[in-house]
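Here chain A shows up in two complexes: once beside chain B, once beside chain C.
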Partner chain A sequence: MSRLGAVPLLLLWALPLLLALAMLLPAALDGAAWRMALAHPQLWPALAISLGAGTVAALIATMLSLVLIAGFYNSRTWHGLQALAAAGLAVPHLAFAIGFGFLVMPSGLLARLLVGGEAPPRWVTVQDPWGIALTLALALKESPFLLCAGFAVLSRGDKAGRIRAETRAAASLGHAPGSAFLRVVLPPLLRELRWPLAIVFVYGATVVDMALVLGPTQPPTLATIIWRALNDEDPATNAMGIAMTLLLTMALTAALGGVALLLRAARRGLRGLLTAGPSPLRSPRVLATALGILALAVLTLAILVLVILSLSPRWPYPAVLPPAASIAAWMNMTLAPLWLSLALSFAVAAAAVALAVLWFETQPPARDRWVIGIALLALALPQLATAGGQYRLFLPLGLTGALFGLFLAHLTPVAAYVLIVLAGPYRAFDRRYVAAARALSAPPLTAWLRVKLPLLKAPLSTAAAIGFAVAVAQYVPAQLIAAGRWSTLPMEAVTLSSGGNRPLTAAFALVLAAPPLFAFLAAALLGRPRWR
Partner chain B sequence: MALRLENVSIQLSGRPLIQPLSLDIEPGETVTLMGVSGSGKSTLLSHVAGDLEPPFTAMGQVSLDGVALDGLPPEKRRIGRLFQDDLLFPHLTVAENLLFGMPRGPRPERLAKVAAALAEAGLLGFGDRPPNTLSGGQRARVALMRALVAEPRAMLLDEPFSKLDADLRQTMRSFVFEHIAARRIPCLMVTHDKADAPQSGRVLLLREGRVNHA
Partner chain C sequence: MTLTRRGFASLVAMAPFLPPASAEEGWAAIEKQAKGQTVHFNAWGGSPQVNDYIAWAGAELRKRHGITLEHVKLTDTAEAVRRVRDEVKAGKDGSADLIWINGQNFHVMKEEQLLHGPFTEDLPNFALVDTDGKPTTLVDFAEGTEGFESPWGMAQLTFFADGARLAAPPMSMMELLDLARDEPGRITYPAPPDFHGTTFVKQALAETMADRAQLPLAIGKAEFIEASKPLFDYLDRLHPHLWRDGKQFPQSQAQVTQMLADGELLMGLTFNPNEAANLVENGTLPKTAISWQNRGGSIGNTHFVAIPINSRSRAAAQVVANFLLSPEAQSRKANLRIWGDPTVLDLDKLTPADRALFADGDAPGAVKAPARAIPEPHGSWAPLIEAAWLERYGA
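After this line comes the complex of A and B, so read on.
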């Protein structure tokens, strides 16, 4: 097939990303911008908070996910856990942050359930100066992502069978399940998870929408300072924002490099642990069950509190339920952002899947590492950098404020996820099925449509759903590229959350959460095998 | 030490797969159970090893040296296993693979056992190599030594030679059976190839769920 099949993906996705990064270079050499950035009184405390929140959130999310995987690996609960993680993944960060905020704030559901009393407790649980609320919300929301990445490793065809067989061999050598997991499953799992872990860390340290809702204010996170600078009317302040973005990116790279060096230094000790011999270590089933129920409860309550709030114009403390329900908030909603988000996300997800399939069908597998490398770059770099660069790239081209510009900006992260999710299953497809169809005199297109497409429908629909969910949740690129001319769901939700209308904010957070959930449900139905 | 199966039967979703079977294997003896693929012979091994999974179920009693094994998890049975694939852990070196199942103890002692096992396998100097740099025959020998240095009280072999080249098979066969015999432990092997069985051992035939002497 033609090599030209690579062109659409490179032109619409790789080029806008790489050129955007190149646009950051002149800013990196802008001395005035750096002086202004370094003179900013809140720079260092804000950087410390960002790194702290990102690090602690990534650590908690990692521990939580690994305990859950260790506790339920090879158990009957395994598939149920996968479904729950997928549901958790589907909830947009912003919607969860809004629900989490309403849950833990002084007059929130948590205080009503646990504290009571005449007046709300005097605790600072939202926008606290230490960023604890932001960190906890990040940790909880990132766990499903790590869980899904772990499941993908441990249930991927040949590899899954191999690791299962190895745990059986470990058992025959005297290792109890916990010991076998620690020594046989965990090492390859962590190796495969290093990119997802880096993505989680960078995401947490640079997130904007969640930090605007839950993060501290004096000083705020560095991402918040950068965000205000990028949205400023003054070009010098914009340039300072870019310089700060580069500084944050360098700090994150240094932190990740430091972790890699630490692990390298600790390698000898870790290897000794691997070969210390059989141990009766059990799998942490009880701990995993407890933590899993706790995490699930918080996720459910955060959504539940949104439902309650959206239906209650008045909710006096300490009543656990509001005195009366009203659908006023739902009736007052402007629906234009919903329609735009749905149409845009649908177009972007469909385009991403089509571009990825075109790539996989026309390019040799050896070239995948280039696009996968670019995809990892797109996800592991702070969105402030990629979208900030894209703003500078699109401005002279007349693409800011244009729908096509919005499309391209959304395609950057969406196609990256779709490519990463699809590469494994697509390349693992046994080509002999198509050969067999051709030998039965099916023309190429017929063979593809009637054999390959049905066999790949599960990964294709999952990739499309993930792409759609990622597109719906985009805040930073949407706000920057829309240039005030368009409003998407997350933009509207952020605006509302800084205002005082709680029922409307809650209703909007739910509207933001609904489309991805339906997308995952649709994918589960579409991808269902004809039989098991 | 003797491995004893008393009235052991296997069911698939409740339907009988293997009729009740009784078998005594003496220390140092290797019994070969032959059957076509799908006859349930590997499932029987899984049951003896303790990792039978649904939809398979089993009845009857398995005991080792007079002690019932039923209900014991695989890691507590101390039954070594060789599979069709060598299943050397790819993230560990050859020596680390050998250390993996070796009972805990002072490190110098354990390292000495590794060296001895490598020497027995004709692989001195291979300890620090990753498994994927070894040939198929070398890997098969490491897999056997790994099982033996774990000090098993019985061995189960699941078509251990089926993936080896024809010329390698003969040498590997004698290597395996000599080492198992030298350790005086009972051994049960399943295979579909009569040529796999040791010269003098008992051979049983599994056909349509029933076991007969060959």
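After this line comes the complex of A and C, so read on.
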């Protein structure tokens, strides 16, 4: 039983991914491809920009999320923050990049309000050579993900009560709220958030769509160069893209390994800090409020701008409002791809959570590092490579153009996210609750359903909502595996957006944000503890 | 026309089904075979106008020929090339029956023997194509089509701007340099290897090089360095006056267009001579928009449709290709209010009634004085141009 519990996850998720990667091996081992990659004049500066943007964005996102959590933990604003994070998480990356870009670019809203004049100022606020705009947008867009993952940890039924009790105990020992948070809440939180943190870094270093809108161009990020190479019609250029992919993956692995070693080395020093006596450190309420309002303002403005952009074919500088409105862009929406996307995403998210739970219930924690490693790989590698490999793998099996093939291709990134979000909270579950139920002679399944499931509903519903949102947003695997036989919402959206028509792109971005938004709000409601 | 080895092989393979006595009978047989087939037309899906046009063609084809046309919307044609390559390697039936294609994608597919053909000579409407006046209908980026792709529409490098902001457009690359000096930071072009960016550089090459007769010929690296000296002298002089001092470049033509519409740039570039008219029509550009082609001519080419070798609906795909060449379909496509893609047909070969279909009034934003087309350089130029550009300006 215990061994067999791993089979569904490995068979439906790990195997299709690893075999697909094996299809790429010939290109990865191709000497000519490596020579071409290493001779690319932009390789090293592009790699530096990718790693820099990923690192700095992850650091800023972490600090921002932690300050917000510390400032609002156990306060009345806590649930408001949860809803805000859910909304932020639901907005597609590309949509946020376009909205954010239109705020800060030389012909954007800020310049119109603050500078004016005949022609836009010659600001370098987007596509700057250092990747600052990209990094800031990434940090803002990734914070909601970290916040949601943090809520999943802190709202867990078995843990919320204990943390409250420990916080109270710390207070009675003379710790001010900030000091108590630092020493009681933060350590388990960070431990359970380590994989989500890793994925924020990996995502930032490999993102393409945001980089195309906001990132530097000469040189661009390495992920952009790889994306172009993999998109090329020439097999030799494709192979160069695979070689560069391998290089980027090695660099990411080395960076993550380096951070792990640093943390290990710093552990002794941290322990001293954590066990230090009471301090009058207050909770950063003011800073959190200021940052929260700023983040909320940027997010709201970006969405608002998207709504206006979707309705205005033309909005020339320096007009503060567009000269005319048109609903032409919205008239391109068709419903058939929406239904397929909703049904498919629901099925994939449900399956991913079920497979993950089955894994965690039947496998020893020591094995997690393997599936988490595969999950990180699934998310770090460009989808043109993984889904391209899957296309070749599925082709002889008759899975291309088939719904089951589409399901498997979507499961690859979705299960990866679900595993990464769920691993921390699920493994940290206090087993004594189940043990107590079993001692009261509840059969295993009853104990799980009646005790563990309700206590874990916050992380489970968050993971399911994230899985659903990830599934709804998939373009590359859908386009490749569907082989023109099926059409999902992002396929419609991305192909239409490739013409660069801004109202169309904005309208589709808003439509793509809607299903995940409902999923996150549902998760926030479902995950709220009943016994409070 | 030269008979390729594969063309010959397919003739031999078809020998048991001896070709019918006349071309008309042969075409009638193809039309009969096509009835009830589904054609998956893999075509870029980034323009609502184009998508609507293809939907119209689908409705007509169902009515007239009992063919179902499914538009498989792509962001990049190379995707279909890779898909067909994988399918053929795996010995599988094709998921694509017709591909909107030209240039490098066509070369690769033809070279790798991924295309069905030659088939264009069998299409009754192919006789109407202006193969003399528009030589690029037979020569795709300096490579003969040899009947493996059927022309669909014409393209030519065209610049556009808001006439209210730019009264005297630069009619040559040298005038562009003067304009950039006068308006620093307001001119740019997409970074190669973006297709439009590479074309801009090709245009500069054609206007600066000593002997333009070299362009249709294959070129090696050493000769290229010599031939491209004036080009890079020109770009070295131009770049300091461009947007972001020529250190950063936009990623795509669409981005340039958007920056023009927002007022950050002074001019945009396109391959569709009617794009600015289209953009006026959908409200992106004001009615004061103007378009022009450089006085001495500009880089031009043709786009085509081709049939993958593993298509199961080859007969229907040929009927679709033929329908797309009909005066009715071509005139509708050329209509500025529908798509505005110039026709490949020779209007003199049409009946007066068919010719009247093309009578299209002047529209704001359209090119007033078309220049002659400079055929695309031989395929060996583009990779050298892109590599040299990247080396000099990429980092």
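Of note:
To be clear about the criterion, the second predicted complex is superposed on the first by the 345 of 532 C-alpha atoms of A that agree within 3 Å, B and C clash if a C-alpha of one lies under 4 Å from a C-alpha of the other, contacts with A are read in each partner's own complex, and residues count from 1 in each chain.
The rule is short, and it goes like this: a contact is a pair of C-beta atoms (placed from the backbone, for glycine too) under 8 Å apart; a residue touches a chain by one contact, two chains touch by 3 or more.
What you see is a predicted model; the values in this text were computed from it and never measured.
Applying the stated contact rule after C-alpha superposition, one finds that A:527 touches neither chain B nor chain C. Judged by the touch definition given at the top, the superposed model places A:313 against chain C, while chain B stays out of reach. Contacts of A:52 after superposition: neither chain B nor chain C is touched. In the superposition on chain A, contact of A:5 is made with neither chain B nor chain C. Once chain A of one complex is fitted onto chain A of the other, the partner contacts of A:278 are limited to chain B, with no touch recorded for chain C. In the superposed model, A:183 makes contact with chain B only, not with chain C.
In the superposed model, C is the one of chain B and chain C that contacts more residues of chain A. Touch criterion met: A:231 reaches chain C, while chain B stays clear of it.
Contacts of A:424 after superposition on the shared chain: neither chain B nor chain C is touched. Of the two partner chains placed by superposition, only chain B is touched by A:172; chain C is not.
Shared interface residues of chain A (contacting chain B in one complex, chain C in the other): none. Put simply, chain A touches chain C in their complex at residues 40-42, 45, 105-107, 119-120, 122, 124, 127-129, 212, 216-220, 228, 231-235, 238, 313-318, 324, 326, 328, 332, 388, 391-392, 395-396, 400-401, 479-480, 483-485, 487, 491-492, 494-502, 504.
Remark: chain C residues 40, 42, 44-48, 51, 70, 72-79, 81-83, 85-87, 90, 92, 95-96, 104-105, 108, 185-186, 191, 193, 244, 247-255, 257-259, 261-264, 282-286, 390-391, 393-395 touch chain A in the complex.
Interface residues of chain B facing chain A in the complex, by the touch rule stated above, are 49-51, 73-76, 78-81, 83, 85, 87, 89-92, 96, 99-105, 110, 146-147, 150, 152, 156. By the touch criterion given at the top, residues 165-166, 168-177, 179-180, 183-184, 187-188, 191, 271, 274-280 of chain A touch chain B in their complex.
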